[in-house]
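Letters A, B, C, D, E and F mark the chains in the order given here, with residues in each chain numbered from 1 onward.
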Amino acid sequence: MSLSHLDETGRARMVDVSDKAVTARIAKAQGKLVCATETLALVIEGRTPKGAVISTAELAGIMAAKQTSNLIPLCHPLALSKVAVVIAVNHDLPGFDITAEVKTTSQTGVEMEALTAVSVAGLTLYDMLKAVDKTMRIEGIEVTAKSGGKSDW
Amino acid sequence: MSLSHLDETGRARMVDVSDKAVTARIAKAQGKLVCATETLALVIEGRTPKGAVISTAELAGIMAAKQTSNLIPLCHPLALSKVAVVIAVNHDLPGFDITAEVKTTSQTGVEMEALTAVSVAGLTLYDMLKAVDKTMRIEGIEVTAKSGGKSDW
Amino acid sequence: MSLSHLDETGRARMVDVSDKAVTARIAKAQGKLVCATETLALVIEGRTPKGAVISTAELAGIMAAKQTSNLIPLCHPLALSKVAVVIAVNHDLPGFDITAEVKTTSQTGVEMEALTAVSVAGLTLYDMLKAVDKTMRIEGIEVTAKSGGKSDW
Amino acid sequence: MSLSHLDETGRARMVDVSDKAVTARIAKAQGKLVCATETLALVIEGRTPKGAVISTAELAGIMAAKQTSNLIPLCHPLALSKVAVVIAVNHDLPGFDITAEVKTTSQTGVEMEALTAVSVAGLTLYDMLKAVDKTMRIEGIEVTAKSGGKSDW
Amino acid sequence: MSLSHLDETGRARMVDVSDKAVTARIAKAQGKLVCATETLALVIEGRTPKGAVISTAELAGIMAAKQTSNLIPLCHPLALSKVAVVIAVNHDLPGFDITAEVKTTSQTGVEMEALTAVSVAGLTLYDMLKAVDKTMRIEGIEVTAKSGGKSDW
Amino acid sequence: MSLSHLDETGRARMVDVSDKAVTARIAKAQGKLVCATETLALVIEGRTPKGAVISTAELAGIMAAKQTSNLIPLCHPLALSKVAVVIAVNHDLPGFDITAEVKTTSQTGVEMEALTAVSVAGLTLYDMLKAVDKTMRIEGIEVTAKSGGKSDW
């Protein structure tokens, strides 16, 4: 077994996908921002509009998905046919659950786009809440589903 | 207590830092990529050069720090005087520990730059290893130190 | 009737175009920069070369069309097969008429690319002339033709 | 009188601001999106959340201000200390009034940043509403105030 | 004979490739960085790891290929299926030989992407070595092979 | 002697310039595009406007200087107070001489910005002329002057 992103000399490379089929591909990813109960309360209630914090972070995630190939050195630039990011309040955490779904019709998958969307949505939540909470952490960023390539899961 | 990134009408806004002092500011952040023991072994030993995987991810983190204000909607664009990203193998995890340090001389801090560097370094590790490991997760992204602003920690 | 860019919960989203046909699509847009008669005279005559002002703005419009999906949050990134921007002096205005035409072969249209090209061409004219004219306004930015999608006009 | 963005040979150039004073500078700009009464009603009432359309466009305007020097060829890259974009429903138009305010402490002004914020906010409104309204136009983009440079107005 | 990037009025334009066939296309380019013998020695031997200098420059070249259409005004944005950059020490020069190969399946070729990869890889070598060598020059950047379009060579 | 862009472990790093003085800094660079005599004739005479080819390439060089820190991994992002690119026809070459001058007031120099401007101007000339000339080469890219830092030359 070897790493596809290194060539036989160990040099980092963009994988050649020229001969891969153009297929409809979907990837989903998730992650969470853990914060203090008081921070969550601030976002949900009172004069702090839940909408603005969450919708700003969702939008940042969508826009970041489109920057994936500029951020991840060996990612292929590709057209995306859908990017959705949903952030939900999770009282048990306490914090926020972040999920992303990305679609393309292309020669390569979009896991990295989904993961990038989740990551930047989480960073944006962090940015908007950092003035009131110094305990926040981003946790559990992972791919939850992938289809359309050679190996679905 | 209220959120600095929302104005009195609850509208998302870039905080006005015009009247803040121009000071030397430093922020440090950390995070980790958890992977299978076998994946770590592949990176460390045999024909898979540890250097290429880790150095690619470190470089991606450095470059991402410079994109922070393009990714996080309400971040201020600013000049950075130092960005360092260090990735270390952690056998106990198993996985990788990622740390970043960012410096600026400016009117606002660089926590988001440090967090973005860590996040994108982690995403790049994920990208380079995803062909051999579908169990990876990015965990524990947080700020570990901050100085030069009103509240050091 | 509802807005395609909002989902059933009112959340902003990138429309899923996965199932739309890949077709040749064209969009045209126009706009104008209104300025003082003296400003127009400066651009046309004497030692101020008409070419440099107009050609710089045309080029800026072409390049901006390629940035559309980075600027408009819910726009799909896509390959463009043609971008043309033409700026003409309009003595009656007085000012400049700006038109753009964009082509793609893709699952979604390019109105936003054409409008972005016109807008940034207008902003660039403004930038180059603002030292001599504080009365300028950008007016009448609109789509003038669209074909290749479900609804041509 | 001559154009500052052209040198003595008529070549487009970035103005040399090396010898200009570093001062606090503010610029304000405005513009509007004219749409059908029914479109405005859709945004304000019923199941179409006013917030999502307007807040997405405001955020796009803020982010675009940070891209100004990448879009306008001869603009100087500079740090911004504040960007604010406010979109208000205007029943008389009918449509939306868009205003932007940008601050910097720098050697050059930020009119172009304010104008770019207004323009991209307008384009984003257009994008989100174009599926239901083919009559929209962006109008009246202009600078309304400027201070901190040699010529305030 | 006339220039494809100028229209009949001499205006710069992006060539309309809408009617060109979508084919697999490959381009290769090369260039070199000439430096002092001592500089080359520093990179190869002793405590200066050859790997870090060369791998950083190779990665920069790969990432730059993806920025080509943002840098070259009349280049078409397109999906890339492979980018490879290889830098080899050349003792005879003395200096470094840089080669790049880019693949796409698209309506237009990728010479500019290959040339941009080589150029930015060379600039990155320059950047990393400039503190120790003020005699460096980038030389001989050219296309060495092209296939998949109307004229192969 | 060691390389400033590698730390003591040989890891690529952005040099820490936090403690360097903020001074006015200037860098100049040059390069050339060598082409066939017939290509030069096309640009200069007849129906092919010299202006459009040369002015497009000059503008591309100016805009590229502003992208330097996004292209060169270890470059610092900084504000630029002047970027000028001049392209002159050179009949003896035959080809084009490209020069760039960049100014900043900052903690680090702008050689890389000047070199990037020259490189991208050369690439843009290549792009606009490649349909008529397959013999072109970019040659002799180097820094010609630097002032304002610790070592002027």
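Definition applied: contacts are C-beta pairs under 8 Å (C-beta built on N, C-alpha and C of every residue); 3 or more make two chains touch, one makes a residue touch a chain.
Going by UniProt, the chains are A, B, C, D, E, F = Cyclic pyranopterin monophosphate synthase.
A quick note: this is a predicted structure, and the numbers were derived from the prediction, not measured.
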Practice problem: In contact with chain B and with chain F at once: which chains are those? Just list them. | Solution: D, E
Quiz prompt | Fitted rotation between chain C and its twin chain E in degrees, CA, nearest 5 | solution = 120
Self-check item: Identified repeat of the E-F interface (over half of residue pairs identical), from C-D, A-D or B-F
Solution: C-D
Quiz item: Comparing centres built from CA atoms, which chain ends up most distant from chain F?
Solution: A
Exercise. Could you put a whole-Å number on the gap between the CA centroids of chain B and chain E?
Key: 29
Quiz item: How far is the middle of chain B from the middle of chain C, if each middle is the mean of its Cα atoms, in Å?
Solution: 36
Self-check item: Whole-Å separation of chain centres (CA-atom averages), chain D against chain F
Solution: 31
Quiz item: Residues of chain E touching 2+ other chains?
Solution: 11-12, 51-52, 55-56, 59, 63, 67, 70, 73-74, 79
Quiz prompt | Pairwise chain contacts, counting only pairs that touch as defined | solution = A-B, A-C, A-D, A-E, B-D, B-E, B-F, C-D, C-E, C-F, D-F, E-F
Quiz prompt | Sites on chain E touched by chain C in the complex | solution = 7, 11-18, 69-70, 73-74, 76-79, 106-107
Self-check item: chain C residues within the chain D interface of the complex
Solution: 1-6, 10-12, 31, 42-43, 47-49, 51-53, 55-56, 59-60, 63-64, 67, 70-75, 111-112, 115-116, 119-120, 122-124, 126-132, 134, 136-143, 153
Quiz item: For chain B, which residues count as touching chain F in their complex?
Solution: 24, 55, 58-59, 62-63, 66-67, 79-84, 86, 103, 105
Self-check item: List of chain A residues in touch with chain D within their complex
Solution: 51-52, 55-56, 59, 63
